[in-house]
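Note that chain A is present in both complexes that follow, paired respectively with chain B and with chain C.
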Partner chain A sequence: MGITFRKETFRDDFTFRNSPEHIRRFPFPFHEDAYMYAVNIEPHVVGPRGSVLENLIDVDEHYVAEMQDRALVLAEDPLRCQSLPHMTLAGWDLLELLMEQQALGYPEHFTLTRDGDRWRWINRPLGIDDTFTFGDTSTLPYGPMEYITRQSQGDFCILDQRDGNLWMDAGMVTTQADWSLDFDIGMNFFEWHAPVPLAHEKGIFTRALKFLTNIQQGKPARRLNWTMTINPRLDTSPENYHKWGPDRTTVTPENVGDKVHLRVELQSFWRLPRSNGIVFPIRCYLIKMDELVTQPKWARRLHRVIRDLPEELATYKGLTRYRPTLVEWLSKLDDGSATSPGFGPD
Partner chain B sequence: MSTGTTKLDVVVSDVVPVNELVTRFHFRRRDGELLPTFSGGAHVVVEMRDGDRTRLNPYSLMGSPLDTREYTISVRRDDVGRGGSLFMHRSVKPGLEMVISYPVNLFSLDLRAKKHLMLAGGIGITPFMAQTAQLAGEGGNFELHYTCRTASLGTYADVLRERYDRRIRLYHDDRDERIDLDRLLSTQPLGTHLYVCGPAGMINWVRDRAAALGWPSEAVHFEHFAAPQPGLPFDVTLAISGKTIRVDEQQSLLEAIEAAGVDPPYLCRGGVCGQCETNVISYDGKFIHNDHWLSEEDHRSGCKIMPCVSRFEGRSLVLER
Partner chain C sequence: MAAKSIISRPVYGTLSPQPGKHHLFIADAEGALAISDMAAKAPAGFFDGAEIDFIPGPDNKHVAALEALRPAQFHQAPSFASLLPRLKQTLGNAHMGLRLYLAGTEGLIGQAMQVALEAGIDHTSMQTEHRGSLARRMQCVHCKGITENVTTQPSTCSHCGLLLLVRDHYSRRLAAFQGVCINAEDRSEIPPMEEAFP
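And now, the complex of A and B:
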């Protein structure tokens, strides 16, 4: 049984919705009633059926609409996709990874056949059937990274590893939480994380880098990150701040449930075999408050997390202006009763 | 995270004597599938089950990364080492089932380089076999300078000359041929990266000269695996697991810890990757540090040890394991 792909938008009329099944599989990021940074990294292994971890590269009902939105972003701003000259080999590594994983997880939608260097890739949801020579960029309509990431949900950063550091030397970034590939391209791990508050002092980035540079082939890792977005807009980039920044002033007690979205990133980390680089897929999941509070445990817990969030974090995540309105709205759904441990709904 | 890397179940598909000291071993997957792709400079850790003793030694993959039907390694016989290479030479025959790790690369090419200048000494040639194959497949610009004792001990010199012709320069100790290192390092185009793999003395010499001649350290890459050295037996207390163990003459501290059923993380088993770094709780005696990971300050402090290659002599040693 295949996925039924929704027709929906992430801009203008914002028709994005989650089906009831997708609400239940939402990767709710809080395992307790409070939130603080931690190096919350774990092995990226297959999780329960019906969860977003059922496959290591998740394809869901928003796939087709997200790929259409990505094409619109790229048409307006081609610099959302960049690859420095030495990163082409890593692009082929990524193409292999994403084709293999999507074909493995969703054989009814994707098929990969290989005969030596001669590869055939069928992507039924997007109506693609291409035959090409692996390693020969002249046989694809785009570079290998751009080709496959126009067909894969989530943003992708490819990091070169050298001098004991990681370097943001290639990426496809159109669904980001207010950061810019064009600004960060060529930066190292500490440089591109410089704006994050509190975590540097805790030594988190030094430890995280040590862990990431030791990621091994065949042993990917993952973590969750989160923020909030007003309206289900995938492209909340600094380049387009003028389009989405003002949305934050539009939250009222009447429209919280429809406008305010929890935005969760499932970030994973994979060693690439030929280039020895690391690919860092950042997969964005959105859920509006009206959908989220259909799970009473999540409603109670989110209320407590947002209410008690340290001011620096609220500022960094851009919640300051509408936090009181949101907390007031959520408080009506929090009867003070205990929440069960773990992420999932009751 | 769990210990080390994912394992691969392989079978020895061929054993080929290369010269009087070096033998090549070929591995295929037991299930007949392709092996994982790797990058030039990667190594695998080979598990050697020798009676009741298990040794784990790292060896560079020397085949082409473009061909993953089999992996090949070359092992130089070391008659005074701890016995790993002797085990490989004497006991490993075609058809033997073995376990190796997934490939790990701690000696990666810098793909930004305009030119790759490679310096090999002796068995240090092996990572360059894979790197030259990778670069040749992509039309990369490289030049390899290879020093060996005699022509007959110039492992794969003939193969390399045949494949890459004038890009390979050979130097034979018995003919008093020496690299004119200063001239070589002074005449490279901007954007060249330097790679060196060989005996410790050679690595230190090349790094020192490169630094003196103004090479940026980011452009100088070296593979510095130290094989664990044999030594006097010693006793160790593992405080967390509550065990006291003896490290035999021919055993590394890491192997002795593993033999006691404790599994510290590891990757290179050669003192460079830092994974098995272990805190010392107390000691009465003298450390024999052989790693390239800890700082001199760490070595002097007596607070840390790399159990993959370092040893201890004295009355007592308590580790946080």
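And now, the complex of A and C:
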């Protein structure tokens, strides 16, 4: 039995919804009633059945709609997908990884057949059946990174490792939380994180870089990050900030449950075998407040986290304008009782 | 001197004579003074293998002082754009061991560094010294247009007209600071424009 892919939109009429099963599997990012940065990196190993970690590359009911939204973004702005000239081999590494993982996790939807360098890739949800020569870019309709990331949920950054640092030298970035690949491409790990407040002083990036440069093949790692988005909009790029920014002024006590979304990034980190690069998929999950608060523990905990968030973080995450309205709305769902440890719903 | 801020914001040093036979200086306006100051510390014969490319600016000052250093080549250019073809050829033909010295405004240092990076020179090997105006080169993140000589905060994009916050976030590849719409959420909010980068 395969996934039933939803027909939905992430713009204009915003018909995106989570099914009840997908609400339960949402990767809620708070394991306690407060939040502060930490180097929260752990091994990326398979998790429980029915969770977003059941497969290391997760495909869910939003797959087809997300790929359609990506195609719309790229048609408007091709600079969202860029690869510096030395990154083509890493693109082939990524193509192999994503084809293998998607075919392994979802054989009813994806099939990869290999005969030496002659590969056949069948993607049934998107109606693709292509045969190509691995390593020969002329046999694909796009470069290898663009080809496979037009068929994979989440943003992808490919990092080159040299001089003891990681360099953002290629990426497909259409569902980002307000950062620009076009501006940041070519920067090293500290440079592209430069605008993040508080974390540099805490030594977060120095420790994270040390961890990431030591990642080994076959031993990926992961972490969760989060922010909030008004309306289920995937493309919250700085490029289009003047178009989606006004959404933040539209939150009222009546529409909080429908408009305000928790946006969670499942970031994973994989060593690539031929290029020795690191690929950094940033998989975005959205859930509206009405859906999230169907789990009472999450409602109580989110109330406490948002209420007590340090001001710098609230500003950086763009919550300032609607935080009081959101906290007031959530407070009615918080009876003050204790929350159980861990991320999952009760 | 530019104030210290976030990590992507460039930090400039003081020019000092590097070992080697071939030295290329690129400077504008008061950047000439950085070269003169460095020359006082340079060993005899240092400028025998040096080229100085200089963009004096409207008042045409400092030309005589640089010529007096008697570099092997002295080239005076009216603008960075006019210098660019020559600079690309010089860097393209350069041998290993060429030393690069960039001095003057941030816009000049950034654009010269951009050309040198494209020629394969590592940015950490370049000597830089900031002199003169703090005016910034800014890329509008929305329309991608570059606005030169930005001195105010916020600043209007010369291409699309949006009112932009000039961030400290800097791209060496683009040789530009990032400009992001300052009133994207509510266009009726118009913060006062102040002279921030004189």
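As a working rule, the second predicted complex is superposed on the first by the 346 of 346 C-alpha atoms of A that agree within 3 Å, B and C clash if a C-alpha of one lies under 4 Å from a C-alpha of the other, contacts with A are read in each partner's own complex, and residues count from 1 in each chain.
Following the convention adopted for this analysis, contacts are C-beta pairs under 8 Å (C-beta built on N, C-alpha and C of every residue); 3 or more make two chains touch, one makes a residue touch a chain.
Note that this is a predicted model, so its numbers are computed, not measured.
Of the two partner chains, chain B is the only one touched by A:His86; chain C is not. In the superposition on chain A, no contact is made by A:Asp308 with either chain B or chain C.
Applying the stated contact rule after C-alpha superposition, one finds that A:Glu32 touches neither chain B nor chain C.
Once chain A of one complex is fitted onto chain A of the other, the partner contacts of A:Asp130 are absent, as it touches neither chain B nor chain C. By the document's definition of touching, of the two partners only chain C reaches A:Ile185; chain B does not. Using the contact criterion defined above for the overlaid structures, shared-chain residue A:Ala221 touches chain B, although it does not reach chain C. Common to the chain B and chain C interfaces on chain A is no residue. Residues 79, 180, 182-187, 190-195, 200, 238-242, 245-246, 248-249, 321 of chain A are the ones that touch chain C when the two sit in their complex. Residues of chain A that touch chain B in their complex: 43, 85-87, 89, 96, 160-163, 210-211, 214, 216-219, 221, 273-276.
If you check the complex, the residues on chain B that touch chain A are 1-2, 5-6, 36-39, 41-42, 65, 102-105, 108-112, 134, 138, 218, 267, 273-275. Taken in their complex, chain C has these residues touching chain A: 6-9, 139, 141-142, 144, 162, 167-169, 171-174, 178, 180-181, 184-187.
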